[in-house]
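One structure, as structure tokens, below. Some questions next.
Letters A, B, C and D name the chains as they come in the text, with residue numbers starting at 1 for each one.
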């Protein structure tokens, strides 16, 4: 329990502390340190869960089960590596004079605040708090997107803010409706937003209200996931914000939003299962539709990118689409694959964004057609980018392949003809990625392009973990996935 | 034992008799064109003279250039080994079937064309280029003929085929008619006779075979020439003995063999007359007309195969 | 025991890639450590293969990695064993050849570490593919093979053309991989489980069986380079370092063949003769187009790559026949066709690697890849010249070399078509056999051109004129492969006996009478029907040669005088007067003109009277029609779609809000 | 059941609901900046009033607190802040030209019908008298979005956004007697921060494009990007 509170309090105190630390260098190190502390705390908590199962605490305010525990660890872990990367990167940014020292404080403090909201959203047991946290994540990051104060960045931030605000407002309406539905089943409304309570009585909730609620929730959190056509803020925010921000946005925020949707789906499915209701699969179908649409459209977008960070943000949309689709398909196999995909995608994608940060540093621009011959200039960065792209494109033996393999097989079993669509989508996305990556990493070096001081250890670590997951899933992780699958689909996979 | 002996005798007949067929055709042509003909021994005299002469090699001729004549000759001799001339069911017949025969011809072609390119003269290259291009059409046609026969006789073994045709006696098979026509066209092309090629000229626009062996002299040239004559003989024997197998000795008695030899001489003589006639009335065609000619051969052979499948065996 | 050898081979290959990581510090580690390890791996694989083929056992084990519910399953049966042997032999040869070849890379900016690492991974991947016993490991190994070979193709990534080739290769490999994945998905769905054993047991409806076949045919065909999915192959193979080209063309394509056989004959099991017809037609088309394109290439390695397409076509032709026979209940004939296909697979692996190594030798010595600038190499690189000649004779299917033996078997199988009930098939198979004959003749033309232009005549460029002698290792590697060509050609019975175990395992019937007449006679159907005695053929040739030489050779006096070439009295000879590669292929180009896209440009300058041609230049480009036919339309469509989609996001935030607004309305309307 | 059966307070709640809906219409129709801020303030006040009323009727003490909160935030603080900003940006007399205002009002009416149609099945199980308020609040939300779509002014967009939040509050209050306290606080906190951030952004936008016309925030667009590159190539 205490480990859990520690996990939440550390970033909170960090946010406060870093707001007052003046020297960027110190702040950078502190940032890393706090992240490490948070990570170790979360690790302890995870071990606790591993030892004696899920638990409910803080008069059932927090709930840790197999579904969110590994996401918590993942979040804190990516938090560390990104912090490690952001320290030298932000000093470079500072030296370039893109930001003032004062804003560095904002940056570091908000970095911690963002982590806090992520962790809160994951660990809370209360749908309302979940909403508050997700909205809080927007608020924490929106100023970071416009950190450089360029017209583009301000515009991106505004779009991010307004679109996510509107979306999230719809999610709140959905939450209200859920509460409304719950109020008729259990008569002490204070607990009416607690996920555990709701999940217990989910099958009695009124299907009509729940279906409407799910529509609002899906559109709301879906905006955060970046589902087409609600995705428009995502590429802008990723491409204009500082690169560490892009890394955590892609790696964590999207995951958390998806997590929220899945939690809601877990409430809606039993409710819709009641015989009076004609379409029990509704939630699944909606998610499949959105997922497939995002998947295909994002794949096509990849072909027309000029900005490297923008490109990878589209690739994030594509993968989130795939996960949403997989969760929508339901069934143990697909769900297991989707859970695995959440992990490997966030690891790989954050690694890629770190590599991209170094690449843009080397080339001094984000324009794809200005970045050339990375492998010759700085082999570490070039290979990091190349291997990361190969991994995200689903090449074995990287873990992304394994998850996609599972999802495809699941689709094969339930929706054979959709696999063709998925495959063509994968091929299109693949071509889109590599046609841009290829000239960047290979080829002759433009004059004046010199190596920079880059710390590729985070990338290496991430990719190694992804590789490991591709070769062999450790048992405890497999068990967590399996229990989560059990929670979500009601049947074991292993 | 007698079988092997007989095989050697037949081989000797092949090798030694090859020049005779050539000169026979030449004499008939001379007769048809009212020219004085050389004596029947002329080709032997030529070969002997070439064997005695010293070889003049181009400076940059490689080892391959010197080996080629022997390999080509050897390939032809082996081919001759497998073609029944006077008797069938010889032990040598089993060494190689018709497909391998085609393979032997291919060996010869491979090395003669390489030899043509070795010295690096324009003529040699031209000859080789044309040779391989033309044979690229002749070979499939020939194989189609072989398929037709093989499917008829259920065997690709020459002597088995002939045995089969002798046993069933005279049957009017449309397939064999087409096959014969195709085979004739192919034979003319493969042996470099009019209208495909003209052994008698050295016109750079027309020559194929001669262009490749331009640089040869002395015994090398003799080998090449002899191999060419042997090739003619082989094709002659193929045509007459496959399509008119009667008279071939089936058991190894003196009588049968005597009959076999006599039949062989008569059949080849007739073929020679036919060849001479055709060469007298036909004119050499342009090199790029030849593919059409060979396509005709291929078409005929294909018709043969199809008519066998459609007309001769019920489904 | 054998399986230990096989795993040892994998480990050695991995080890070689590990030690190569040191190569960017110490370049020589590649020569002294990495390649020897590869040699060990190759030897081990070969030994394992022979052991298993010898006693026809089936070895199974699992490795403690992979999915939690599905560990990596390893299975070595005779089919895997054959391909283990192929991989092993070629790897061994390459490992011998490599050190001499990469030496020149050690000076200069070449990323040797990359070369070594991915060579090792590449071979690891191939070994694992043929040893895999579940779809998951298969796919991992398969893509490992593709990915690492892609990195090897990108070894010389400075030229834009090579980058394009690499991208295309990766894309096609990925698409093919996805198709295979889907095919396995079908099998796994019916056989609940990714393990091959489950898939074997899968009760497939004919429709789904055909779907699975189609998917795997496309996937493996894409890797094997079947027309029209071949476009990547002639781009990618030549740009890799030559010993890698040897591995790719010689072995990787065979791995695709392995996959095809494994899935169709082993996993799906009961085949339908219609599949055979498809394979038959595609195969014969690939063979013909492949050789026609090969004939028009002036780049030696491109020529070899296209000829790989041809041979793959021949193999698939034979496989198609096997499927037809098996599908119509003639297992005996199916066995003949299958053995022919496998035999040709083996042969092509050997002689194509031999030829690529020879090409690599030339490239390394002369830094020329263009036939138009070669010539006269036989006198300069005698060993290479000799071995290359053997390779050419084998690939041109001349007796008594191995290429002939396998094509002979293929023909024999085709000639048994008469036993088929279906008249159309009876007519179809001889016709494809005729296509095969045409292909063979053209192949002969192609390799006469290649050998004649490269090794004979006079050198056409300075570098070629001063080509120096080669390293011993490189000679030895070529010599080894050449020897195997001769042996496999002269003693086909031995090989056929080994291969015979494979149809026995897959279909239960083998070649009864292939070698009943003893080691001397090969009689696939029956002695009376067809027989071929390669040893006697060889002896015959040699004996006649000797006799002829002995008789004709004069005693004593100097019998040979060197003099200027006669050349009908023209002369003196210059290298520019020779027939070039382009001109050599001209007649065939003219005859088959519609097959290629040909751009020809002739510029002539005449003097002021317009009588004398003072300058004449002729430029010509022969390009692959499959581009315009298949690839460009797809690319155009994707571009079009992307352009359309990008309208979705045109920057105005109000439009974005409207999106989510209308999405909401739509959904609400849908659910209520 | 029919409205006449309701107690007076319940009738008042329904009346307030109607007024809230009316204010949304007014916001849509209102084109003058200051005026729309005032309307927004009234809406906030009405929501607060409704909360207080509910608290009184069904005596839910904690609702008083949230009523106060709403009053403070929605009716006082935000209008005041917007007011200040508008003055500071010098657009207090800005009149926004909405294209086809009548059409938009028509659409708004249609939206009300639509949300009623959507919420129709819900009311079956509503124990409360205030059942149709779900439809009303949904309509308010949708109208807010419609406003955001139809207005080019950043400020009026924010007002639209805030009115959406009002709709949410209203729904929460009248349909379920308010959320749990902690959630209420969290939401309020978020809204507060959001309001501040909006203020920050007005200035930032103003600095970057010398105006608050969101239509001019169109640098980041797929089509634009591609074109710009094409120009570069030419």
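In this text, a contact is a pair of C-beta atoms (placed from the backbone, for glycine too) under 8 Å apart; a residue touches a chain by one contact, two chains touch by 3 or more.
This is a predicted model, so every value here is computed, not measured.
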Which of B-C and A-D has more C-beta contact pairs: B-C
Furthest chain, CA centroid comparison against subunit A: B
Rounded Å distance between subunit A and subunit D, as computed from the means of their C-alpha atoms: 30
Between subunit D and subunit B, distance of the C-alpha-averaged centres to the nearest whole Å: 100
Mean-CA-position distance for subunit C and subunit B (Å): 35
Interchain centroid distance [CA atoms averaged], subunit A/subunit C, Å: 44
Of all residues in subunit C, the ones touching two or more other chains: 646, 648-649, 653, 657, 660, 664, 668, 672
Junction residues of subunit B - those touching two or more other chains: none
Interface hub residues of subunit D, defined as touching at least two other chains: 118, 121, 145, 148, 214, 217-220, 222, 226
Touch relationships between chains, expressed as pairs: A-C, A-D, B-C, C-D
Contact set on subunit D toward subunit A in their complex: 118-119, 121-122, 125, 127, 134, 137-138, 141, 145, 148, 154, 157, 161, 164-165, 167-168, 171-172, 175-177, 179-180, 182-183, 186-187, 189-190, 193-194, 197-198, 200-201, 204-205, 207-209, 214, 217-220, 222, 225-226, 228-229
Complex interface listing, subunit B residues touching subunit C: 51-52, 54-64, 66, 70-71, 73-75, 77-78, 81, 94-97, 99-100, 103-104, 106-107, 109-110, 113-114, 116-126, 128-130, 132-133, 135-140, 143-144, 147, 150-151, 154-157, 160, 202, 204, 214-215, 218-219, 222-223, 287-288, 291, 298, 302, 305-306, 309-310, 313, 315
Residues on subunit A engaged by subunit C in the complex (per definition of touch): 158-159, 162-163, 166-167, 170, 211-212, 215-216, 218-219, 223, 228-230, 232-233, 235, 282, 286, 297, 300-301, 303-304, 375-376, 379, 390, 393, 395-397, 401-402, 405, 408-409, 412-413, 416, 419-420, 423, 426-428, 430-432, 434-435, 438-439, 442-444, 470-473, 475, 478, 494
Subunit C residues touching subunit B - in the complex, by the definition given at the top: 375-376, 378-379, 389, 393, 396-399, 404, 408, 411-412, 414-415, 417-418, 421-423, 426-427, 430-431, 433-435, 437-438, 440-442, 444-445, 448-449, 451-453, 456-458, 521, 527-533, 536-537, 540-542, 544-545, 548-549, 552-554, 557-568, 570, 573, 575, 577-579, 583-588, 590-591
Residue ranges of subunit C in contact with subunit D within the complex: 646-654, 657-658, 660-661, 664-665, 668-669, 672
